[in-house]
Amino acid sequence: MKRFVDWYVSDRLVMAVIVLNATALVLHEMAARGTPLRTLWYWIDYACVVYFLVEAVLKIRRDGWSDYWSSSWNKFDFLVVIISLPALLGPFFHVEQFAFVLILRLGRLFRLFRLLRFIPNLDHLVLGVRRALRASIGVFLALFLINLILAVMATLLFRDLDPEHFGNPVVSGYSIFQVFTVEGWNEIAEGLEERAVEENPAGAKLLVSGTRVFFVVAVLIGGILGLSLANAVFVDEMMMDNTETLERKIDAMTEELRRLRSDLGS
Amino acid sequence: MKRFVDWYVSDRLVMAVIVLNATALVLHEMAARGTPLRTLWYWIDYACVVYFLVEAVLKIRRDGWSDYWSSSWNKFDFLVVIISLPALLGPFFHVEQFAFVLILRLGRLFRLFRLLRFIPNLDHLVLGVRRALRASIGVFLALFLINLILAVMATLLFRDLDPEHFGNPVVSGYSIFQVFTVEGWNEIAEGLEERAVEENPAGAKLLVSGTRVFFVVAVLIGGILGLSLANAVFVDEMMMDNTETLERKIDAMTEELRRLRSDLGS
Amino acid sequence: MKRFVDWYVSDRLVMAVIVLNATALVLHEMAARGTPLRTLWYWIDYACVVYFLVEAVLKIRRDGWSDYWSSSWNKFDFLVVIISLPALLGPFFHVEQFAFVLILRLGRLFRLFRLLRFIPNLDHLVLGVRRALRASIGVFLALFLINLILAVMATLLFRDLDPEHFGNPVVSGYSIFQVFTVEGWNEIAEGLEERAVEENPAGAKLLVSGTRVFFVVAVLIGGILGLSLANAVFVDEMMMDNTETLERKIDAMTEELRRLRSDLGS
Amino acid sequence: MKRFVDWYVSDRLVMAVIVLNATALVLHEMAARGTPLRTLWYWIDYACVVYFLVEAVLKIRRDGWSDYWSSSWNKFDFLVVIISLPALLGPFFHVEQFAFVLILRLGRLFRLFRLLRFIPNLDHLVLGVRRALRASIGVFLALFLINLILAVMATLLFRDLDPEHFGNPVVSGYSIFQVFTVEGWNEIAEGLEERAVEENPAGAKLLVSGTRVFFVVAVLIGGILGLSLANAVFVDEMMMDNTETLERKIDAMTEELRRLRSDLGS
């Protein structure tokens, strides 16, 4: 019995079922509605959910609850099982309630997230991303606030000309974000310019120039400067490791030297 | 009394009012004109302005003018209060003069800028940006001059074909800037090519080829080379810190070693 | 005879024929069908194939098979010759079979690949790319999985609104990849928003907001964070060399110092 | 007299005239044809050309030809003067010959290039760019060759579907370059897909999938991998300086240590 349990919850089998489940989830969406293939993939997904449920139960029984719960991977797996439970009722009730459907879909997505386990050195990567994000939090916060300020400015300036892009601060914030990604910034500017010329052909020249200055500044701050800075902070943080190794080595050597000197002095 | 002043000008309360004010400013713009909600947010903003005015007065009285003025944050806050003063007159006069409205709006934007205080280690970030900008000033100046030269070149070449994009050097400069951001560079080139074919179907082939070479070179110089260089200079400047730490440590060790040698020699 | 063979398989002549062959292949495609120029370039390509065949035979006879096969460049050249052999039959049979034409074209492309030999320090570059790719495999795998998860999510959310972009997980994956390259992400979002408004003008507001949040998150994760991370890992890996040199030097010095200390102690 | 010459060829005055000349050249193009303003700027440009001519003559007389010619800045200035000479004849002949007009325009552009002198530490920047380019020549050559290979491949695959973008290898090369800049890559792919569906609705599915794979690979190689690699090489080259300083310091210290050891040994 114990051997069966060990085999059942072995990493290898779990990994295989995760891949099978992901395949089933994707191919289930690929198949046209009402085809037998779709039904097949549905039942394979169903079997995987049952497998995951049994896996969690067996693991908890084997390791005890506190041991099981100490691993953050297990916590995540348990959450996936809980969210997937309603899916087990799927075949028996034909409810088409929105909330129920939503939960089913959420469960499917969470089961896909288990694929993240395949990333080698995920902990290392997550640590790196977290450290880089913490180091660049200032840059991102600054960009967010500058986005907010530019959005309010754009709302005050362009609200009447182009309500679709700058009708209120939230909509403006989305448009400014788009400008920050450098994608289609010129089209927004062109749209504004055209409407400015339409509305007031005489006084449009100043408005067009002002608009262009506004957008050039926004692109330079958000798209060029902001991105470069965030990038530089990332690289800086990644390289910190190497330099720290060097520093430690040099410190060790200085210590050695000092000891040598005190040896000689005595 | 002193306790009340300290509480009133405490960082915590000031921060809270800054957030409240920013929220009021954004939601004021979100609300439709003439709704009571808009009026509510208007008066909350008004109260914040009064709060900031009293805060500045209390701080100046407590610390004395020269102490107050020595902090650049205080200077900025004082400027915001001065610019916001006309807003206090808002409810009593219903002036719709352009200049007055402009000042009111400027005041609102400046009050938003106070949010920048929330960026952790802002001084550090500003210092980093300033250093990076100073290091890359050559790159940016070079890009600006190359933009200017390409703009005059494009004006001479394409003015008659596409006056909208290349009618005069300033308009061309804007178009070349767009090419430097790599956004929509191909659309500008395509527009030129189409008109070249329209105007002179026989001789268009050479012109189309020349146009393409011009744009490929502009994209390579501005979008690829320029950006990469600026990026590299940024990273270089950010990392300088680490290397300088290393250099200082190594220098210290070399000094130690030299002293050891002279100790032994004597 | 030996001198002739050495001249025939000398790097210089081989390089010249590679360039001639690439030129012939490109200009053959440039020339209009049925012109004598096209025929000329065809026969020059033909002559190059014959040259490459003879080169391989001579080299194998000179060096012996095992020596010849030990170089990976030779392996590649041999493969090119094998794939090019059917081209020698071209003038005698006028087969228009799809499979045969495909093989001929494949041969032409592979002959172009021989140009890669001109890259100075190709081994070094390939090594660098391979090391950088190995270091960033985690980032890319994570991006691939996040792409997959976002694609399934988008399929569940937007399938009915925009089947062209989100009809099934594979199509969605392509659209999400496009969003990750930041190219045209806003147009996909706009298309979704327009259809949402068309279908259900009353409830569209929430859907539009949700869509925007989805796309902003996708752009931030894939286009900004993912690219920056991959970039940082690349730079980190490239710089490893330098730091490793430093580390080795410092290690050597520490060793020296330790030896000095033991010398003095004894 | 000597004092006048020194004043005339002083850096300050030369700089001022360069700026004046650039301003004149830009504003001359800004002014509408036939206006007196345009004439004014024309004559100011004319005066600047005269000034540059006299400057070159005076400098050569003062320093002697070999001294003058030893500075590369002087060489460039001399070239500008030579190219600008025809402009001095402008007012006397009203030739509208194409070749003459071209030379006049070239002269104007070259006079603008003198602005590059204003970049602080230009030599340093040029050196950095040259070193970075030399280091990344392999990456760029590889990208160029991959572009060529993909272009020939695209010509063979898509020539009949979309002759405008892939009609011959040169046109394809331009389209692939566009894909490498990530700008509008999806639009080219979409165009191909639409035509594939139009021409052969039954068999289009495979072609559409193949097209998408082709473009995704091209974007990944050129836009993501290529750019990141070039970027990493740039940063690497910029940082080399710092590491070299460190290496030199460590080498010096090791030398010191070795000397100390030999002192003690003797």
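Letters A, B, C and D mark the chains in the order given here, with residues in each chain numbered from 1 onward.
What we mean here is this: contacts are C-beta pairs under 8 Å (C-beta built on N, C-alpha and C of every residue); 3 or more make two chains touch, one makes a residue touch a chain.
Being a predicted model, the structure only gives us computed values, none of them experimental.
Steps from chain B to chain C, taking the shortest chain of touch contacts, total 2.
Chain centres were defined as the mean of their Cα atoms; on that basis the chain farthest from chain B turns out to be C.
As a whole-number value, the distance joining the C-alpha centres of chain A and chain C reads 27 Å.
Centre-to-centre, using mean CA coordinates, chain A is 38 Å away from chain D. Across the assembly, chain C contributes 182-184, 231, 235, 239, 243, 246, 250, 253, 257, 260, 264 as residues in contact with two or more other chains.
Viewed as a network of touching protein chains, the structure reduces to one closed ring of chains, two contacts apiece. Screening every pair of chains for touch gives A-B, A-C, B-D, C-D.
Listed in rising order, the residues of chain A touching chain B in the complex are 137-139, 141-142, 145, 148-149, 152-153, 155-156, 168-170, 182-187, 212, 216, 219, 223-225, 228-229, 231-233, 235-236, 239-240, 243, 246-247, 250-251, 253-254, 257-258, 260-261, 264-265. Residues 22, 25-26, 29-30, 105, 108-109, 112-113, 115-116, 118-122, 124-125, 128-129, 132, 174, 177-178, 181-184, 227, 230-231, 234-235, 237-239, 242-243, 245-246, 249-250, 252-253, 256-257, 259-260, 263-264 of chain A touch chain C in their complex.
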